[in-house]
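The data blocks that follow each hold one structure.
Below are two complexes that have chain A in common, paired first with chain B and then with chain C.
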Partner chain A sequence: MSFARTACATIAALLFLAACEHSGTEGETPTVYRHAIDGMPASLDPAHAANIYSATLVVNLYDTLFRYRYLSRPYELTPNLARGMPDVSEDGHVWTIHLRDNARFADDPAFPGGRGRAVTAGDVVYSLGRHFNPSTRSQGAWLWRGKIAGLEDWMEAGADPDQPIAGLRAVDDRTLVIELTEPYPQLAHTLAMALAAVVPREAVEHYGREFGVRPVGSGPFQLEQLDESRAVLERNPHFDRGPLDLTAEGYDPQRHDQLGLQALDGKNYPFIDRLEIHFITEPTARWSSFIAGEVDNVMVPPEQSGRVLASTHPVSFQPDIERDYHTLAEPEAGFVLYGFNMANEAIGHHPDEEIDRANRALRCAMRQAFDWQERNDTFYQGLGQVFPGVIPPFLDAFDPTLDDRSTAHAPRQARRLLDAHDWSPETLPRLTYGLESSVHQRQMFEQFRARMAAAGIPNEQLRRRAFANFGDFSRAIAGGELDLFLIGWTMAWPDALYALQLFYGPNAAPGANSFNYSNPEFDRLFEHAARLDDSDERTALYRRLNEMVIDDCVHIGSLSRTRLHLWPRHVLMLPDREMLGGYFLRFVGIEAAP
Partner chain B sequence: MTENPAIPVRDKPQPIPASGWIAPLIVLAYVIAAAGVWLGFWADGWGDITGDMWAAPSSDHWLGTNRLGQDILSRAVAATATAFEIGLLVAVASSVMGGLLGAVAGHYNGSRLDELILWLKGTIDAIPFYLFVVAIAFALQGHAMAMHLAMIVAFWTTTARIVRAETMRIGQTGFIQAARAGGSTPARIIVRHVLPNLVHVLLVQATLVFVAAIKAEVVLSFLGIGVQDSISWGLMLAEAGQDIMAGQYMNFMVASLALFGLVMAGSLLADHMQDRLDPRSRHRRTTSLTRRQHQP
Partner chain C sequence: MRLRIELLRFILRKLTAALPLLFGVTLVSFTLTVHFGPDPVHALSGKNPTTADLAALRRELGQDQPFWIRYAGYLRRLATLDLGHTETTGEKVRDLVARTVPVSALLLGPGFVLGTGLALLLAMFAAWHRGSRLDRLITGASVAGMSLSFVIIIIALQAVFGVWLGWFPVRGWEVTGPASYLAHVTIPTLAFVLASIGYNTRFFRAMLVNAMNAGHVRTARAYGAGPVCIMFRHVLRGCLLPIVTRVVYSVPALVISGSLLIESHFSIPGIGRVTYHAMLSGDQPVIMAVVGLSAVVFAVTATVADLLCRLADPRIRLA
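On to the complex of A and B.
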């Protein structure tokens, strides 16, 4: 009897303690990080995640086979959903990828019983295959078109997910085999893109057209709320990638010591309970939200850089800014450039050789007339880096010794070149300059026009055509409606081929080659380079292709901007706005208040 | 002294107060500024980059420069010409359109034609103005004259409504009855007898539309759906939004004051013209003065 009483009392005490502990957990304030970005994603379906806004969310809601190391620069691939880096056959045609066995989709009504299941190799096959199903309207099919054996045949046969794809097979739940039609060394990079994120078939079929706003993935977070002002993501309780290994992520004490990241080393991530992503398009509003403490990060608008910077060369922040915030000045993984529409015979390619030469002279003269350094000083506080060609400085293939005359401001030479080819205000073509309707874009147009006028190209020859949004602007470029346009190109993988594809003939508009550049020799060398692994030969080819683009005066450029980031001292992270770096959000930590 | 309001009384010419000269003088200054631009005397290089970024006022740039190094004074003066071009075009076109349609509706009041014009006016007035401009701009694929057309179509209705009421009133007077009895055609009655008697109404209304059109142009340009290949105070204000973040206020102040000055002067001028040209207004003013004088 005494034993029974003691046992009852013990059980009651344990239950009480358990209840106390439970209520204590519920009472804790969840750790929240509020991230601001300058646009809203149109869809959270990975098949549509072709821009920075969608990609930032998608790579944190879903898993990709590979990702980029958190802190390494230059960017380096590392396994994510995959257990290791791929095994590639000697001829480069067969890739075998083993998946980790502890990845699970988040719980969702799409699954039987509402409980998420394990991610399998079959899910990867399904996810890549659906890009080739016309009903998906994928924006990423071009990444693998003509590269994976049997994919086109499978598509022509009706893109039935129950039918096998010859070159894309799940050998078992954990093993994926990809057979390529030709070596494709960039494949691993494509598998780190948001477009390649792994989706469960059940959810795609359950939600149908709503899948774009009802994401179901195996990433570190799951979507709790989405509206026009913000997305609220909660930690996915099934996500388990073990502890953060700072050394493996590329920790460099010299660069990262001040960020407080050491406190997170060896702990399981994600470290926050809730991630809020605020969509604030106006720079002024974003800055005000940051100053008011409504969001935890800001990319400093150029107009404010004078207030936060003590000097620009070298970049240093004001002491009060350094005291109150973490700071970072980092070059973008991309660049901006002006492009000509080479399909327009008035300024681009022309079957008559003499006219073609005159057109080239006009393009080259316009390039000499423009002043990139002025653009850099006016709009980017002089922090950007002007470079010739289209291989930006953050890439290994960048050639620091390349002749930079193509980016020099030389209005007199421009005039001489125009005169030499009999270009005069009467003979110059009237060009349509396209831009997105915004104050900055309009000012950039006025600056461009003023520089052309100074070189003898009258204002009347440049007709401005504004578009309400980026989508309309892009469609006009794709439709060949514009003769001249300013675009930004964000690298989705850290390889010069991603930039050079802008000029590859088969990619002509509506593809990535918005310039409609057509040069058989360029195409031949490009195709050869695309089959090569990283080597000196490939780097030399990349540089040769870059010079061809410069010689033909296909573009005016380029400029890589420098981003200035600020975030509060209690937030432990290394922010990254690039397509390659959207993964950083899973590693954000919040330091407990003292 | 008392008056019978039914008997028109010719007022003695009232002396114009000193303040009455200020508005026309200000408007005249703006006219000279705009005319100088049209004649190519000044500000034709409003888009040129002639100075450093955000340079302070100096002998080269009296009001400093903007972010691109463009002269703010040149841009403000060139924007005056833009404002006048739009204001005048919209004022004249909407007055002609509103005057004719209003007179026709008033002359044929109660007829199907009158109903049709009233329905058209009601329909246009029911559409929010800025939405209407966007719709027309979209329909015209961003044509440079889209904003002008939208304003003319939107602004004629008020003029037409006033003219219609006045035409109906005048239609009851003896000289119109006499013209009808004399066999004048409706077109002749409208052109020879009705509209000449409504010149003061049209003039005042045109002045008000002129001011309203300039304000609308500035708002639309600020929003990015206004002038396309020119400069406007609205565009300068939009640029100033970025400048202010960087602690630069000159663009904002110059464009704001230029707009304020013209709108204020235009409104005062319209009031003044109303007082001077409208006999009933003169009568109301005289009666009001008389009543005030008679109050204990």
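On to the complex of A and C.
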């Protein structure tokens, strides 16, 4: 009897508490958009925002001088914190950027009286300069190293933010002047990256190491809550960029008519009161959560693509999916490729010309032996786009007429090439294939090895070496411990130079040139192209560099994956998961749910 | 009074004896982490570092310091509970642990209690009806439960209760009060219970069956004692030591490690998920804090287990 009483009392107490939990929520319901991403941000300090997950949050919490137009494809830069595009001197050495006068940091205890203040050109100087202070542990200093005059000297003198930097000056609160050591047209792109977001010095000093979890910016949202499950962002009341101009953002009726974006045109953004970003690493949980209506978007997990697609060539969605959701199939702004360690004389560069030629033949044979279409069908549902070289199809410089024999599966030719250079099982080098430890990666290795075996390279010649995490894998590549590895490269700005830097000699490991490719002619042309503005000459140079990489058989590739996105019909947006695209979240609108 | 003094002395003695254990565990784990653990430098250095960048980062992380200085610093931080900052987000590790351990405890506590309680009840039924159909059914179901993959259980429960029936959230931890707590904890609890009940039932049944063969149980039966009385007063007491030991010793893993699978699949901000990500990224302050605290909790647990055993069986001396 007493047990029954206790149980009744407990249930009654729980019901009462539940009722209390739901009371007090009456009044105007905030507009909430719940965005799911497939990883967790490491830090919200812009100086550490070198991956997609951090960048997605950072560009919404902070301002960058420039951003990409919401709907334009190919991507186009547009002013953000800047009032207009930069004035660049004739010789390309001096950039003058004028800032808008209505940008303000969000209110925060870091400021006197807790009131956010106006963003000034001095903040931009401070934000870029702190990348060169070792205690910042910047992941973006390489973007401006050797480019901005006086930065290195300033760093060597102690990186004191109170001391001036010769080539980075705030002329007044609204005018920034950047002096470059050489023309650097990519600078505008770097200033649109999350790494270049503008931070207030007060907040950096107030929060110290914890600045990474206590962001204070001037972006459209401010952080309300952050844990390992989600980030809750509230609208920043000080954010004022005027109304959305769809035409200026690249609206194209043919491509965007079905998205309902017209309803947002001419209204002030952001259109939502709260932005929740959910970190759902497990694909099944992400899909189930979307189907249950707990989040408002999903990047379709590969195992569900058969459920949502009616056909893959061309991509079309099932009628019930088209009826219930907005759909988008878009190539990623990046690619995957296999690379050889060219510093290993057994397969890469060799001082002896004859051996060097034989090594090149071996690499080319391995490239011909590999079957990209099989890889695409097995692991990417046949949705990926295989292309020669390293300039992916989403870029202007992509050459659709480029000879695609470098991606064709030709095992017989591979055998012939090996024979022609006297490669046999006895003379072939033993190669170490590196991978991050996972079933998926192991399967890819087995597929690779099977293709090589079919072309006459015995299984014993390929040794697998697995690493528990990306850091250790990177360290092994940088240390030259691996002869062959599969990597992904995500573009941080829409310019082929960002991909071609993978082969630039001075970027050799531990830098981006993980392949340790060394070709003085390539480096000379690369340096020349890097100084050119967007032009036919530059595009031609990019294509020439691409062909050099293909001719030297430095890599096996490449493939751009296709992302499938779904979102409910009452959510008005064009999602973009890529490194460049976290900006779209400020333009998301919500209609009354059905 | 004498017992209290005896208990107090016992606790002090056990905790003092735990100091070498703590020293050994921390030394071994620190050595392993420093020399064989993940290297955070490459993960923290961006896309295009130079050798000088990596060297500067190593200095910033204190990796250029001699091993013993680093180890002494670690022990000092552990003793003062000033665990430093995470290398990835910069958050204070102490705050991180204080924020995530309660979530893991709230998440896994109900499943732990229910799973243990239900398993004990099922084991009692099975043991009492040893050899019967009920026993075979319970034993068979336990084996089936043990054979099921934890991931499959989680995915199936999410699909049925979250997507199909829509009774509970599929994932997340938006707990603002008892109702939202119940909503978020129910599926993980069910998953935990289903995954653990098989192992526990088989173990408890074996202990109970063994105890039922004891002479004093036969005597109680001969006196005509009822099943409940026999089971709780004579059988359960007789095999309380292994059961208490097993239950109590699973607490440290529950509190510190959490359940990686549950927290990952349900996107729950608990200590298990944090630890896993720290291991992937090589976030040594977090890894070392979790290892150090695990050792402390384990030492405390061992003491509590001994005390409970003493209470369960007065013949045990607190020597």
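As a convention for this text, the second predicted complex is superposed on the first by the 566 of 594 C-alpha atoms of A that agree within 3 Å, B and C clash if a C-alpha of one lies under 4 Å from a C-alpha of the other, contacts with A are read in each partner's own complex, and residues count from 1 in each chain.
Basically, contacts are C-beta pairs under 8 Å (C-beta built on N, C-alpha and C of every residue); 3 or more make two chains touch, one makes a residue touch a chain.
Computed from a predicted structure; not experimentally measured.
Participant: For A:A466, is the partner it touches chain B (first), chain C (second), both, or none of the two (neither)?
Facilitator: In the superposition, A:A466 contacts chain B only.
Participant: Under the stated touch criterion, which partner chain does A:R531 make contact with: chain B (first), chain C (second), both, or neither?
Facilitator: neither
Participant: Given the touch rule stated above, what does A:R449 touch, chain B (first), chain C (second), both, or neither?
Facilitator: Only chain B; A:R449 stays clear of chain C.
Participant: Residues of chain A touched: more by chain B or chain C?
Facilitator: C
Participant: If you stack the two complexes on chain A, which partner ends up touching A:R357: first (chain B), second (chain C), both, or neither?
Facilitator: neither
Participant: Once chain A of both complexes is superposed, is A:R412 in touch with chain B (first), chain C (second), both, or neither?
Facilitator: neither
Participant: Identify the partner contact of A:R569: answer first if only chain B is touched, second if only chain C is, both if each is, neither if none is.
Facilitator: neither
Participant: Which partner chains sit in contact with A:R544 here, chain B, chain C, both or neither? Use first/second/both/neither.
Facilitator: Touch partners of A:R544: none, neither chain B nor chain C.
Participant: May I ask you to decide whether A:D45 touches chain B, chain C, both, or neither, giving the answer as first, second, both or neither?
Facilitator: It touches chain C, and chain B stays clear.
Participant: Identify the partner contact of A:T284: answer first if only chain B is touched, second if only chain C is, both if each is, neither if none is.
Facilitator: both
Participant: I'd like to check the shared interface: which positions of chain A are touched by both chain B and chain C across the two complexes?
Facilitator: Residues 284, which sit in both footprints.
Participant: Applying the document's contact rule, which stretches of chain C touch chain A when the two form their complex?
Facilitator: My answer: residues 38-51, 53-54, 56-57, 59-60, 85, 88-92, 99-100, 155, 158-159, 162-163, 166, 169-174, 176-180, 182, 264-270, 273-274, 277, 279-282.
Participant: Over in the complex, which chain A residues touch chain B? Could you list them?
Facilitator: Within the complex, chain A touches chain B at residues 283-284, 287, 301, 303-304, 306-307, 377-378, 437-440, 442-443, 446-447, 449-451, 453-454, 459, 463-466.
Participant: In their shared complex, at which residues does chain A touch chain C?
Facilitator: 14, 17-18, 20-22, 40, 42-45, 48, 50, 134-135, 137-142, 208-213, 227-230, 278-282, 284-285, 288-289, 291-292, 294, 468-472, 474-475, 478, 492, 501, 507, 510-512
Participant: List the residues on chain B that touch chain A in their complex, please.
Facilitator: 47-49, 53, 67-68, 70, 142, 224-225, 228-229, 235, 238-239, 241-243, 245-247
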